[in-house]
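Take a look at the structure set out below.
We just call them A, B, C and D in the order they show up, numbering each chain from 1.
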Amino acid sequence: MKDGFMYEELKEAVCGANIELQKQKLVIYSWGNVSGIDRKAAVVAVKPSGVAYDKLTPDKIVLLDFDGNVLEKNLKLSSDTPTHLELYRNFKDIGGVCHTHSPSATMWAQACREIPCLGTTHADYFYGPIPVTDMMTEEEIKNDYELNTGKVIVKRFANIDPMQIPAVLVANHGPFTWGSGPAGAVEAAVVLEQIAATALGTILINPNMNPIGKKLLDKHYLRKHGKDAYYGQKSK
Amino acid sequence: MKDGFMYEELKEAVCGANIELQKQKLVIYSWGNVSGIDRKAAVVAVKPSGVAYDKLTPDKIVLLDFDGNVLEKNLKLSSDTPTHLELYRNFKDIGGVCHTHSPSATMWAQACREIPCLGTTHADYFYGPIPVTDMMTEEEIKNDYELNTGKVIVKRFANIDPMQIPAVLVANHGPFTWGSGPAGAVEAAVVLEQIAATALGTILINPNMNPIGKKLLDKHYLRKHGKDAYYGQKSK
Amino acid sequence: MKDGFMYEELKEAVCGANIELQKQKLVIYSWGNVSGIDRKAAVVAVKPSGVAYDKLTPDKIVLLDFDGNVLEKNLKLSSDTPTHLELYRNFKDIGGVCHTHSPSATMWAQACREIPCLGTTHADYFYGPIPVTDMMTEEEIKNDYELNTGKVIVKRFANIDPMQIPAVLVANHGPFTWGSGPAGAVEAAVVLEQIAATALGTILINPNMNPIGKKLLDKHYLRKHGKDAYYGQKSK
Amino acid sequence: MKDGFMYEELKEAVCGANIELQKQKLVIYSWGNVSGIDRKAAVVAVKPSGVAYDKLTPDKIVLLDFDGNVLEKNLKLSSDTPTHLELYRNFKDIGGVCHTHSPSATMWAQACREIPCLGTTHADYFYGPIPVTDMMTEEEIKNDYELNTGKVIVKRFANIDPMQIPAVLVANHGPFTWGSGPAGAVEAAVVLEQIAATALGTILINPNMNPIGKKLLDKHYLRKHGKDAYYGQKSK
């Protein structure tokens, strides 16, 4: 068994990102979880199940290997863990995963409708519409439900780069987001919530509004991402 | 007359649950009330009528028996008390009742439309749609209005297990919720308010959205409730 | 000239009620005003024009007689003062008037649509729909606009008891509310804002919803108002 | 190179106005920027790119001349700077410019629909509808995008006085506002956000609502602006 003390930093980052969920008003009670990964060590850190954010401390974060084996004796882990692990196994560049039931993103997920890219705020963060997964089949729900939640997400991203669209709406359920680390996954969740709310207002004002053009999408996404980015104090 | 000092814990729980209503922004002014019951002692504790939450202390909580007889000389009791008592008499497993006019749940109650189960957030707490009562008849309104409010709720639950759907919308009025104790009744009210708001957004985005399937409803409700629950640090 | 020191209590009540507008989030900047009246002394106290609520102190409140003559040398008075005075002259039992641009009430005022009584929350405070005035004519706007704003309100209440419906929507503009004193006028504004928001949600969920029946309206209004009231710690 | 110490006051005003964006909840993360100008000295002060409002101090504000040449060695400037400069060059009386992605104003911008003047709250600040720009062409997006954003705004104001309508919605994007200084530009952004939210509610309640008449628009705008203004403690 590996030494838990080696991963203090990972535990702190994951703990802090979970607490941020509450601060950003994305969650009530224990309705959300953030995980992080140390890819070199092949260690994943997840939230314990049903623990209030006020009571969360780094020592309560649970450490796992890629197959979900617990590395330290600890609290019971988040029931959504198999979804997180499936995303880490398939999206090779992500370092953090976040799941919430934030109201506006959940409205779109429940409506089983992708969020079209209706403006530059969306384009600044997401290089296209926020996809919605297929509804899960009875078979997928019956056994290994949380693992299969991960699989329907991965399937939906067959032709999408997850680093360019770091968010998905699970049909009938809610959003998952990710990023280069736990904090980035939470930032994606915050931004998703705001663009979801704004998109709803937009279609109420103009039900026939089309998504923005490809050139404007490119301009906004690429001025913030990739080798030609020119936003912020240094290129990311 | 029974000794009021025996029920300090019940009074404190009911007082705290009422104050929580304001903290959770479910109420303004004195628009809501929570009660609790000690079934062994057959004592019910209710909020005094029209008292501000800021001014509420355990000694102001009113103790009653099942028939509504006041057990301690105290403040005038909440005018909604007969509704609470009717629920305690008929829903044998509940330990707390909560009534608010929280905006989103009240929108559905005023629209006289049940809240369909449109997603897993709803299914995590409620094992089906949130029912709406019949509109009350002139006769039911004229005499014993508050008692009859309880009766129309009980009638609506003729074929529903109140522990599986711990909430109702009284037509033209607002929500009542309940739980194993006063705090649980308030938690149900908080969750109801959020799913009511999310459901409204969902039908604005997709007016023809169907409720989620039975298998997904079962999966989410049963992973949190009953003997096979696997959410949280211990089975409830 | 009368002694301003005689009206310290009135000034304090009006000052506090204005500050409450901001605390209750009904206003931004200086978008609202509350006045009060001492009917025995025939003195009205109004907010000075354009003063921030943070900077408002009782000594800045302006005292007037019924005809609008300033009784103390002081700051310039609220431009809405002639509206307030017209209401005091015609609604003999009111002791406070409040005007805001609170968002939800303003939505209905701008839509020139009365707020139907869609539920018991509304009926607990207002004995019928919240009326909307006629749109003002060019003539009424051109001269004595603020006085005429009062006149269109009074005209709208020709067959309504202002103590039973302590609120109005001025068409294209926003709400005025009143009460037995300045604090009551603000309470009416807070409640109006909440029922306006809830009514909007109700008609989005069910566009064809009818107002509640007369019996339910009577029950809720009369259990809180008038000689047979039984809500609260004493009859009002 | 000019002495940066000469512009302490300008830097402080611009810094404070940027921090106000966050306080007024118009922005999350670093999604907005405010600039100011000293026209006599021909010096513009802008926000550094991507800096959090919590970390912003006057010494981080970047000073430029009218052509965008940096006057002091400092942080990289806001990527929206060319838009601000184009507005200063063309709107001769403005002293501050503000850009946000505030949700309600962005809903209208994304819907590519001007905000009609539906009430007196709007008329108190803006002398007509809030215009929306043309959608930008591929050519305008491809090169000098931020400069061209300024140009489409200026083009839209060919027949509008920017001091009478201190706000615009850039199609598919969001609002820009301005004023006599940085603080005034932020105030216009706050008011725009509120009237955008209220206008959405208004058209949901009454989809066929017409804008208010010219006489009412004149009355409200002109009682607060221009030589005949009579609102506030002194004419502005």
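In this text, contacts are C-beta pairs under 8 Å (C-beta built on N, C-alpha and C of every residue); 3 or more make two chains touch, one makes a residue touch a chain.
Every value quoted in this text rests on a predicted model; they were computed, and no experiment measured them.
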Chain B against chain A, contact positions shared by both copies (same if over half, else different): different
Gap in Å, rounded to a whole number, between the CA centres of chain D and chain A: 33
Computed distance of Cα centres, chain C from chain A, in Å: 47
Touching two or more other chains - residue numbers and ranges from chain C: 203-204
Which chain pairs touch, all of them: A-B, A-D, B-C, C-D
List of chain D residues in touch with chain A within their complex: 28-29, 31, 48-51, 75-76, 79, 101, 103-104, 106-113, 135-136, 138, 141-142, 145, 172-174, 200, 203-204
Of all residues in chain D, those that touch chain C in their complex: 118-121, 187, 190-191, 194, 197-199, 201-206, 209, 212-213, 215-216, 219, 223, 230-233
